[in-house]
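Same chain, two partners: subunit A is paired with subunit B first, then with subunit C.
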Partner chain A sequence: MKRYLLERTGQLVITVFAVMTLTFFLIRLLPGGPADAIRADLIQNNPEMSTDQINRRVEAQLNIMPDDPLHVQYVSYVSDLLRGDMGQSISQGAPVTEIIANAAPWTIFFIGTAVMIAFVIGISAGAIMAYREGTRFDNNSTVTAILMNSVPDYIYGLIFLWLLSYQLGVFPTGGRYSSSTEPTVNPLAPVETLTFFGDVLYHAALPITAIVFVAWGGWALGMRGNSIQVLGEDYLRVARLRGLPQRRIALRYVGRNAILPMYTSMLITIGFLLGGSIIIEQVFSYPGMGYYMIEALTRRDYPLMMGVFLIITITVAIGVYVADLTYGLIDPRASAGDSQ
Partner chain B sequence: MDSVDILESSEAIETVAEETLSRRERWVLTIERGVLAPARIVWADLRARVGIIILSLFVAMGVIGTRIVDEPRTNQGERLEPAFQSFAHPLGTDSVGRDVLGQIVHATPNMLLMILAGGVFTTVMATAVGTTSGYLGGSTDRAIMSVTDIAMTIPGLPLVVILAAALTPTNPLVIGVILTINAWAGLARAIRSQVLTIRRSSYVEASKAMGMSTMSVVRRDILPNIMPYVLINFVTAARNVIFASVGLYFIGVLPYDNIVNWGVMIDLAYQGGGLQSMEAAHWLFAPLITITLLSFGLIMFAQGTDRMFNPRVRARHSTTTKTSDDDGAPSASPGDNV
Partner chain C sequence: MSNQEALDPTASSTDPILEIRNLNVQFEMDRGTSRVIDDVDLDIHRGEIIGIVGESGSGKSMLASSLLDAVVEPGVTTGEIIYRSPDGESIDVLDLSEEALRKFRWEQISMVFQGALSSFNPTMAMREHFEETLEAHGYPVGSGMERAANLLSDLYLDPDRVLDSYPHELSGGMKQRALIALALVLEPEVLVMDEPTAALDLLMQRSIVSLLADIRDKYDLTMVFITHDLPLVTKLADRIGVLYAFEFVELADTESILREPAHPYTRALLNATPNLDAPLEEMRPIEGSAPDPVNVPEGCSYHERCPLATDICRDQPIFEQVTDTQAVACHHWEDIDEIPLTTEVDQ
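And then the complex of A and B:
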């Protein structure tokens, strides 16, 4: 176990470095180069500045000294990143770290909520389907799950937006919360806090629903398959013969064993949906990480774009790491050396 | 040739049966076993039939449709003509008078090329990496798998966004590959673990004991076993290419100068008031329904072909094939078997 932990941690560190290296080289591939974009911007806005001054400003914003040899640039880039300095965002006029720290909780909030809801619905539906295998309910649910799973979330998003926000006007068309609501999280002002939370949920409702519509089907089908397999196991027959109550069998024997294999996939899915949030956040103009990434891209604000990419990737890497390490704890059968 | 000769010569092992099949008969048998029997199994499944019909429709649209339907250009008709009003513009027109059906049809060839490139890239790469890693094992395996793990951890969409920004690809084949740039990793891992199981089976041991080369063991004993899995994942990769390409064209990450993708249509409709006004709704919904239909077709096809690889279903069909072979003349034409 100790060895596995060590190996796995080493792999995490290597992954993070690999991604940093990747961004380091990719940023040099981008059209015009970020330095040129900033330089052009600075020259346009400050015609009286000297070339020297401009070069210094460019360096400050990019974390890059364009004239140094590549390895020196690389070392300073990585050490800046490790200190949490991701440069200055050109389009937002603030440090990249600050913008991401502001945006990340919102993305994590709505993705996390959506995954939880989808997981609960999927698991319950899948278990019921497995218990009634072969019935009309099972067949219909299977077909529904497959159909709903075969449409990307942004299509649901666009349809919801069209019908519920624009045509019927029941939901807001975008944003994190209404401009009239003051963001308050204060236990001394419970009414305002609750109103704020309600408003936030109201704004996130459509993106969450769009993701749930897609995601529940996959888990329902997975859970159905696992449960059917568990229902055929010998130990289940023994449990029945022992006269254990149905409820106990359903929860302790079938439920637990069928959900276990899906634990890892749930943590990984949260990570990957963070990446997938790019499109859905654009549809709903929801200012989360993905939204800022595209904003940065269209404005050629490369430090911000790379910052978001790094943060999303590192989050996913840590998520997978946690999933791998904790799986051995919740499922003692898993041989730690050969997980997946 | 003398019998002694045969025994002593190295060709002894290749002694032929008394009744031999002519080349033509062998071809018939190969087609029968390799194409017609699986095709019958697939066609017998309703889901596969629906899937095949939908997919053929899209292929026809991409190949023939582009010649029948005019290329969309501005002022083809009235602005924002609603759908189902005239034969000239069955799906209506957009805000600059371009035929919506024409846009859908003329975006299809690019989409099919993208799907092909993405699917082929993912499956070939994954199969190559997965089988090499699983079959060779040892330190090669460990080295390949650590690279694969890193590739797997990087979330696809953000990486694709950055690559699209850096390379600004316009060739659909290149776009297809970029969209699936790290999709091979997950599949390669799954294939590797299957290869690990197959590698220990007795028939692989036998082939190795006979001194067959690594390449032919992999080709003859291992690849046929993982092919079903690979084919189904081709469909998954294809769906991901559709979703990602439409999504990225929609948010404007992939560059375009005319209507090359359904995502471009969604983007223009979204910006042109497709959400706010009822008059433009058909313009927004036409591409949405198209994408959903194609994705549905792929899913149904994958679900149906699943049966083709199910050994039980296969066994049932191969026995019927055998009996029909037995009572039919050996030189039965392929037409008899349809």
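And then the complex of A and C:
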């Protein structure tokens, strides 16, 4: 077990490092660069400036040296990173670490909530559909799940935004929380804290619903298929003959064995959704990771781009890592000892 | 067949624990009604091991399931299965309410069935299987687990090791024996076994069969052993019933079945039994194929394959006593020696 843990951790580090290296060079291959972006900006705003002046202004604004040879940039990037410094964002004028630390909790909050809700709804719906396999309820739910699963989340987002925010005015059109609410997380001021949390949920409600609308169907269909398979297993028949209570059969026999194959994909999904929320965050002007990634891309902001990519990679890698290490705990057949 | 009760003196001389009368199991299908158990009568005596043999699709598993009223949907079971408990009470298994049936199964009659190797929840340790069974039936877990440990030792398993294992950590033979222990943990009176050895190798089959005989003696069990393997069941059973096309064609003590089988099908089965000592030319496959449950031949269901068949075989034969302990449903049983027995099966 110890050896497996070590090996697995080593793999994690290597994966993150490899992706970091790969994205570093891929981003440098994009046409244009931060210098071009700033130059274009300066020329547009100061038509009277000479080329020399502009070049000097550009160099002054850029504290990284985009014109250094690639390997020099790479070495300095990696050594900075190992010290926890992801560099200075060119477009936002703040350290990348700070921007990500500010944005990530919001993305994690609304994506995490959405995934959890979708998972719970999907698993329950899938299990009920399997128990009633072939009934009208099952057929209708299957069709609904497939339809809802086939529409991208931003389409739901746009519909919600148009109908509920602009036409009916029931929900806010964007942002993390109302400008009138003071962010308070303080056990000594419970009323203010609760108001703040309520306001945050109110703002996140539409993006969360949009994601849930898409994601639940996938889980439901997966769970339905797995449950139907488990319901046909010999051990289920024996369990029924042994007179076990229905509840125990549903949870300990069907539920557990049907969810098992979906556990890993759920953890990986959380990782992917962190980066996959770009369009939803744009639609709802929700300043999370995806929002800053778009900013960085349009402004050729290498350090911020690298930072966001890196965080997404690390989350996915950690998701898989956690899934691998804990899978043995929930499925005795896959305990680490056997795979050696 | 319905005359069997009157004609079979063994039924009255011993104490039956299960009386099966007019048992039918039917499945409604698009192309007709499939009768997979056709009007079967059978007495199972307290303390005996009765073997039920038949080829694939002869209704063996359905008979086993119906003893616990556990025929899978959408099968319909009709008739009577009277269970006489040791304290003299009689109940009709097919008449029980859902809750009474839940209690009845495993407490009075339990079952080890086909596919024993996948009969355990793969994500649960063996101990939990025993504990949940005891809890579901309101038995004290402490003494119940002691009994489970004793049962496992009787089956030559190390109780602590087995109980702390997950199903995938046990071999096929160990799982099979653990399942027998699980079936006996609530001290049932009757143990029904449906092809319990089908997935095991020959050595393991033989050793499980001898274990079962010991277990029967120690725990005063009645056993119903259902198999396609005639030579195997003769090593264990006191009586053997031969099923053909969803009804019994012969029912007799093991010795008579082996030495003086009175039904052409039983003879054909014995002659078709592979035996290392018998020369190949003496082994006889049975010509033709088993009847379709939707469309069973009129009269004696075996007459289309039977070398002795005459016109009279278009009428349903009744069960006749050949000796005190042997009954057969055949019009020509007196001429049965026209079919010689070519192979010998040891008891």
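Note that in this section the second predicted complex is superposed on the first by the 288 of 340 C-alpha atoms of A that agree within 3 Å, B and C clash if a C-alpha of one lies under 4 Å from a C-alpha of the other, contacts with A are read in each partner's own complex, and residues count from 1 in each chain.
To be clear about the criterion, a residue touches a chain if its C-beta (ideal position, glycine included) is under 8 Å from a C-beta of that chain, and two chains touch if they have at least 3 such contacts.
Everything numeric here is computed off the predicted structure, so don't read it as measured data.
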**Of subunit B and subunit C, the chain that contacts the larger number of subunit A residues** = B
**Message:** With both complexes overlaid on chain A, does A:V320 touch subunit B (first), subunit C (second), both or neither?
**Reply:** first
**Message:** Just checking: does A:I278 make contact with subunit B only, subunit C only, both, or neither of them? Give me first, second, both or neither.
**Reply:** first
**Partner chain in contact with A:V308 - subunit B first, subunit C second, else both or neither** = first
**Request:** Quick one: classify A:V238 as touching subunit B (first), subunit C (second), both or neither.
**Result:** second
**Request:** Based on the superposed arrangement, let me know which partner A:R247 touches: subunit B (first), subunit C (second), both, or neither?
**Result:** neither
**Item:** Complex contacts: residues of subunit A adjacent to subunit B
**Value:** 11, 14-15, 18-19, 22-23, 26, 29-31, 146-147, 149-152, 154-155, 158-159, 161-162, 165-167, 271-272, 274-276, 278-279, 282, 290, 293-294, 297-298, 305-306, 308-309, 312-313, 316-317, 320, 340
**Residues of subunit B touching subunit A in the complex** = 146, 149-150, 153-159, 161-163, 165-168, 189, 193, 239, 243, 246-248, 250-253, 266, 270, 274-276, 278, 281, 284, 288, 291-292, 295-296, 298-299, 303
**Request:** Using the touch definition up top, name the residues of subunit A that touch subunit C in the complex.
**Result:** 233-235, 237-239, 241-245, 248, 252-253, 256-257, 260, 330-333
**Of all residues in subunit C, those that touch subunit A in their complex** = 68, 70, 102-103, 105-106, 110-111, 113-116, 118-125, 132-133, 136-137, 166, 168, 179, 182
